[in-house]
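Below are two complexes that have chain A in common, paired first with chain B and then with chain C.
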Partner chain A sequence: MPSSHNTDPPVDESEIKSSADHSTTKLEQMRFRRPLRLGIQFVIWTVVIAFFVDTVSAANGLTLSGGSRDELAIPQWLYLGTGGATVGASALLASFVTDRIFIRKIHEWNRPLLPVDRWEGVVTKVGRAVGVVILILTIYVGYMGPQLPNASFAILVTFAGGRAALPMVAYLIGNVWSILNPWRTIALVLPTGFQTYPSKIKRWPAVFGLLTLVWIEVIFPVSTVPTVLATAIVGYSVVTLAGAVVFGVDPWFENADPLAVLFGLYGAVAPIQRHNGTIQVKLPGSELTNAEILSDTSDIAFVIALIWELTFSGFITTSAGAGTVSTLVGIVPVELIPTTVQATVVYTVLFVVGFLVFFAAYWYAANLSRQWVGTYVSTETLRRSFAPSLLAIAAGYHFAHYAGLFISLSPALVMALQSPFTPPANPIVLTLPGWFGGLSIASILVGHLLAIGAAHAVSYKIFASRLVAIRSQYPFVLVMIGYTVISLWIISLPSAIPPFLQ
Partner chain B sequence: MKRRDAIRAGGSIVASATLAGCLDTLGFQTQSAWRDPPLPSNRPDAVYYPAIVEEMGMYGMKEVPAEGVTFALMFSYPHRFWTVTGTNKQRVVVNSDDSLHLMASLWDTESQTVLPADISLEVLNDGESVTQRSLWPMLSQTMGFHYGDNFSLPDEGQYTARLSVGPVQARRTGSFESRFENSMETEIDFEFDTTNTYNLDLRRLGTKSGERGAVEPTMEEMPAGRTPMESELPGEIIGAASSGDATFVISYIETASRFGDRSYLAVSPRTPYNRIMLPLMSLSATVVRGGSTVFDDILTETLDPVFGDHYGGTVGQLQSGDTVTVTVDAPPQMSRHDGYETAFFDMPPIEVTV
Partner chain C sequence: MDYIRTEVPPKQAPATSCDYCGRPFAAPDRLTLHKGLAHYGVISASEKESFKSELADEADELRTFRLKALGMLVILYFGLLLMYAIFA
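The block that comes next holds the complex of A and B.
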């Protein structure tokens, strides 16, 4: 158990500007509180694990195949093992890591990989060309090619590629979208910058854009009907290029383009980061302690939207979600309005209200945190500082939700990339073995752990006192546990096709 | 040296282990993306609208003038279907090497009556046999009654389909009496091109899927195997009732030479909505008059130019007040595509009173 109290440099303690005092009584309390915290975490995880043993993992509505869905039973030993390891690991995290120098060292550890300038030109050119070619092919094949989702280059590239694989690359390796982004490449050769981007709207357009994209994905059959997808991409291209032309390439893609912002933020979780012209290797998630990642409330809203969109699209593809939607559509007493319109309203309201609830939970966590520790640090600063750690949760849940989809569709994706114009007579997919469900759960727990770790480090950055630092995290940790428990619950539910949608 | 050897050995192991084998070890398995398309939840035990209906394409039609029959060969995406043995059904999923679903149909050219027969299909490439198998008699909403199976072809290209048919097993009456007694064979050339397959229309029925009902058969050039409308059946209709969601129209003919100049009971079962014939059933009937059974026998599957495929038996003169009971001893032994696989299994007896 920790001997770190003694090694903590007294300098830090004397620099404390917060109002928390350090009487021995408080330190005594702290000794009891830590076991209490571990106890609470242990109980929560045990309940979570006990509740979900013998359940099945979620799938996505994209694939035409529905038969393999209920084959993802998770072996009990794996569920228990993963959960147990997590409880143990979070216990270790909470008990060992109170040494602020150690924390700082962990989060600042990096190794330069290679300087950028030598190869950047070539890679950028190739990457941009690939991006533009794929965009053009996607639109063309979407309209002209086969209309079966599993055989469609457009659908496979967009969903197995853009929706599943690219974000995974972004948070597991590093953000490559900044190079691939075809709209940015096209905008670079257009005359741009006729207006100054209104700085007071910050990144709200990107938040709105992300929510709109997910809403379209839910309401319209973009993941099943290639022509609909191609139309959506054309629409997106028009808006994006118009925005970039009017406001300039960098202002648009840094603030208003949902995909560029999304990949940028997922990239913050990755072990490979770019700093001052050098590619560095860092520990995964350690970049999340960087307060510069998020600079405004709109950024926080975007991060919450990332978690919420995965939660929502996960939820509606489960039996519980489908049941909820059906029930809500059923209780609307309006007979004159067609069911599909009613269903659209229900989906939209659920989507918006859920996002507001998720956002409000985080918003008030910051208020609560400030009240508990009674600090001079503004609520706004607390909110911004802790929000990046949520990206690890989003990444974990994205992996849980999309890794299976990507692996399952990867043979079809490879075939589509090899011959975009002549699809195979019978596209091949992979079935996922039973243990894969365990991997999904593990990824959610790992994301949760990284988030807790990052929040821990952030609190030590902000507060000089260990006591205050630990107490300041409580509300945020509670919110994180809330998000994680909901995610775990969702992937444990049996899959269903969202009702009333095409 | 040892280290280098170890590396070399390791390298060759890695090289020999294919990615597929590796994935296989981990438990991933390849399968067709169309292995098991979505089924509506809460399917009724009746004919229902499937989640997806696919169009089919025509490879060719060929008449055999000597026999007065016409063959047709059609294609579609590889399909999932259910085979039926007795009252058991077995789901046949799409294999990863299935290239397409081949369908054949056979009918009397003049009357457009679809014939129940045993058809086998051999696919040849440059005169060399690629694959050969007996086709399943099948029921699908877009095609009606036909024969078909999923086939695996090595490549795109030119093929010949050799269709062979044995004599029609059902009893034949009227102008059909001396026909369809010979085995026949015909060849239809076709080009397998996946582009043609992908050009086939595919419709998602959305909220309608899972509801009771059926889409109309879509082929225009060829008969779907419909039975005549109730009003067009000869004789006196003594009843029409539903059993297992099939409609049974029962007709009584006092005397007709083609049925042996004796009173004839004709039972014409058909699908609801589209009146598709239901061959390959086992039916029997009883006639009870005043508490005593005056007729109890099986009904023989019979192919008649007017009735089409039906089940009949020579009963004595029926009298008013007689109770006719038709019992289904075996449901239609036909493979079913989506929308028909839950119907025509639990078929209670039908009772009508003259």
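The block that comes next holds the complex of A and C.
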């Protein structure tokens, strides 16, 4: 902690900057420079390959088989540039708002909605029962029911429900998973807490868990073969219940369970929040200025993992992504190893390296921000305070990627919920109207605007000088522009089936 | 504000630090602003005076900054308008 030196002569600004980056951040820089350089090279090469592959396949007319949705009326670079410029312009516009009291009032505005105690007991009991019944039905139908992806109760509930609809509920309305979570309900009746949760490992198990779940979703046919899905859910249940029994219910679900952490963080974006026993309405995204949402580097890694998993699963289902994977698999001239193994390795490496690049970009932005404004506020504080605003970006991506899936499968989901055991012969799958692509673009941009607003308010909380507060945001805004452009690029590409996977 | 941690570069004494909470600052004007914002109830009259004059200075700088930002927005707007006129 700081010592008191009151009367030192004012130090030259440039001197402060240079000595700041030579001492405290030097270690971090050295640790990150090499991976960063490799990462940047990787991104450049991936983009080059992707563009190359995309033009080649378009010239061959292969994209037609993937169901082209390339309907851009303007050149692609102009579309991407406009998206990036929108985020940049909104950051500039936000910098015009310099009234501290106004900014604080906006982000603290709330209206009490309901006291919790009157109905909490009933709702919790019903919600928990529903969660457990659905979990049991999902596993049972997954093994015993029909093996049809669009009609299986197990697949529809897991993907149209758990993957698409529940996160949407979490960030658009409020987090209901804390009540529904069937594993938590089951763990509550088991004897628990034989070990104390090692506080050293923070939320890293949840980060690892989330990446593993997405990896399984990509590599194994969990979204098409109900028995595989049911096996995956059984495996997840065993791990989760074992963890909750050993370490206790609350420590496990607050730190190590990827789904509980995911829904908790998405819930921070929502307009409905719970504070001291009342349900409050707040402005969407205003809770993201709360510095207590994230407390450690592992939490930041989780937020970045949320953004990256959506980017990655979006990317590999485009023609450019499929082309990149095919090219990379073709590069390695190993005849002995089966193609599926090679493809698995390629998917895994792309997934892990991409995550590290996204993480390094954010990590480096905080270093840059600290040097740029020459502040004594630690990079760790900057990282932790600005990271919640990225949750709004993740929510925007999620909506862009999954709202369409949810709407097109919702009739089938309703039918499956009505009769889990007897699937309809012809499940209805809705075709989305043309303007839905526009809604995806809009949701990505709205997520970024919320993030810009939250970052602006956060910087005003940290810095006494308003000019410093404005300038401290620049590197973070640049990273956000980067994420936006990548995401807008992905949703503009024609869709394709990821190669080499069942 | 207790979630804000600070790190002063080890070989360097902090330029200034707050008498009331000990937070170090890299420049005296930032400290003056911090005292006024975080400890207005307890600071002395002279500190209040210098806070007010620092706020006025800051307002001037912000006005210059706003003009620059407005300039950027205009360039961005007309740049995009031109691009759309040519390419779309």
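Just so it is clear, the second predicted complex is superposed on the first by the 408 of 502 C-alpha atoms of A that agree within 3 Å, B and C clash if a C-alpha of one lies under 4 Å from a C-alpha of the other, contacts with A are read in each partner's own complex, and residues count from 1 in each chain.
Simple rule for what comes next: a residue touches a chain if its C-beta (ideal position, glycine included) is under 8 Å from a C-beta of that chain, and two chains touch if they have at least 3 such contacts.
These numbers come from a predicted model, not from an experiment.
A.B. asks: Quick check on the superposed pair: does A:T196 touch chain B, chain C, both, or neither? Answer first, second, both or neither.
C.D. replies: Touch status of A:T196: no partner.
A.B. asks: Which holds for A:T212: it touches chain B only (first), chain C only (second), both, or neither?
C.D. replies: neither
A.B. asks: Touching A:N367 in the superposition: chain B (first), chain C (second), both, neither?
C.D. replies: Neither: A:N367 stays clear of chain B and chain C.
A.B. asks: With both structures placed on chain A, which of the two partners, chain B or chain C, ends up touching more residues of chain A?
C.D. replies: Chain A has more residues touched by C than by the other partner.
A.B. asks: Counting only touches as set out at the top, which of chain B and chain C does A:S419 meet: first, second, both, neither?
C.D. replies: neither
A.B. asks: Classify the contacts of A:A291 with the two partner chains as first (chain B alone), second (chain C alone), both, or neither.
C.D. replies: A:A291: touches chain C, not chain B.
A.B. asks: According to the stated criteria, A:T327 is in contact with first (chain B), second (chain C), both, or neither; which is it?
C.D. replies: neither
A.B. asks: Take the contacts of chain A with chain B and those with chain C, and give the residues found in both.
C.D. replies: Touching chain B and chain C on chain A: no residues.
A.B. asks: Touching residues of chain A toward chain C in the complex: what are they?
C.D. replies: Against chain C, the touching part of chain A is residues 1-6, 8, 10-11, 13, 16, 19-20, 22-24, 73-75, 78, 81-82, 85, 88-89, 92-93, 95-96, 98, 100, 291-292, 374-381, 384-385, 461-468, 470.
A.B. asks: Across the complex, what residues on chain A touch chain B?
C.D. replies: 63-68, 145-148, 150-151, 221, 224, 339-340, 407, 411-412, 422-436, 496-497, 500, 502
A.B. asks: Write out the stretch or stretches of chain B touching chain A in their complex.
C.D. replies: 23, 26-39, 41, 52, 77-78, 93-94, 96-100, 153, 156, 192, 194-195, 197-198, 202, 204, 206-207
A.B. asks: Residues of chain C touching chain A in their complex?
C.D. replies: Touch residues, chain C against chain A: 1, 3-17, 19, 22-31, 33-34, 37-38, 58, 61-62, 65-66, 69, 72-73, 76-77, 80, 83-84, 87-88.
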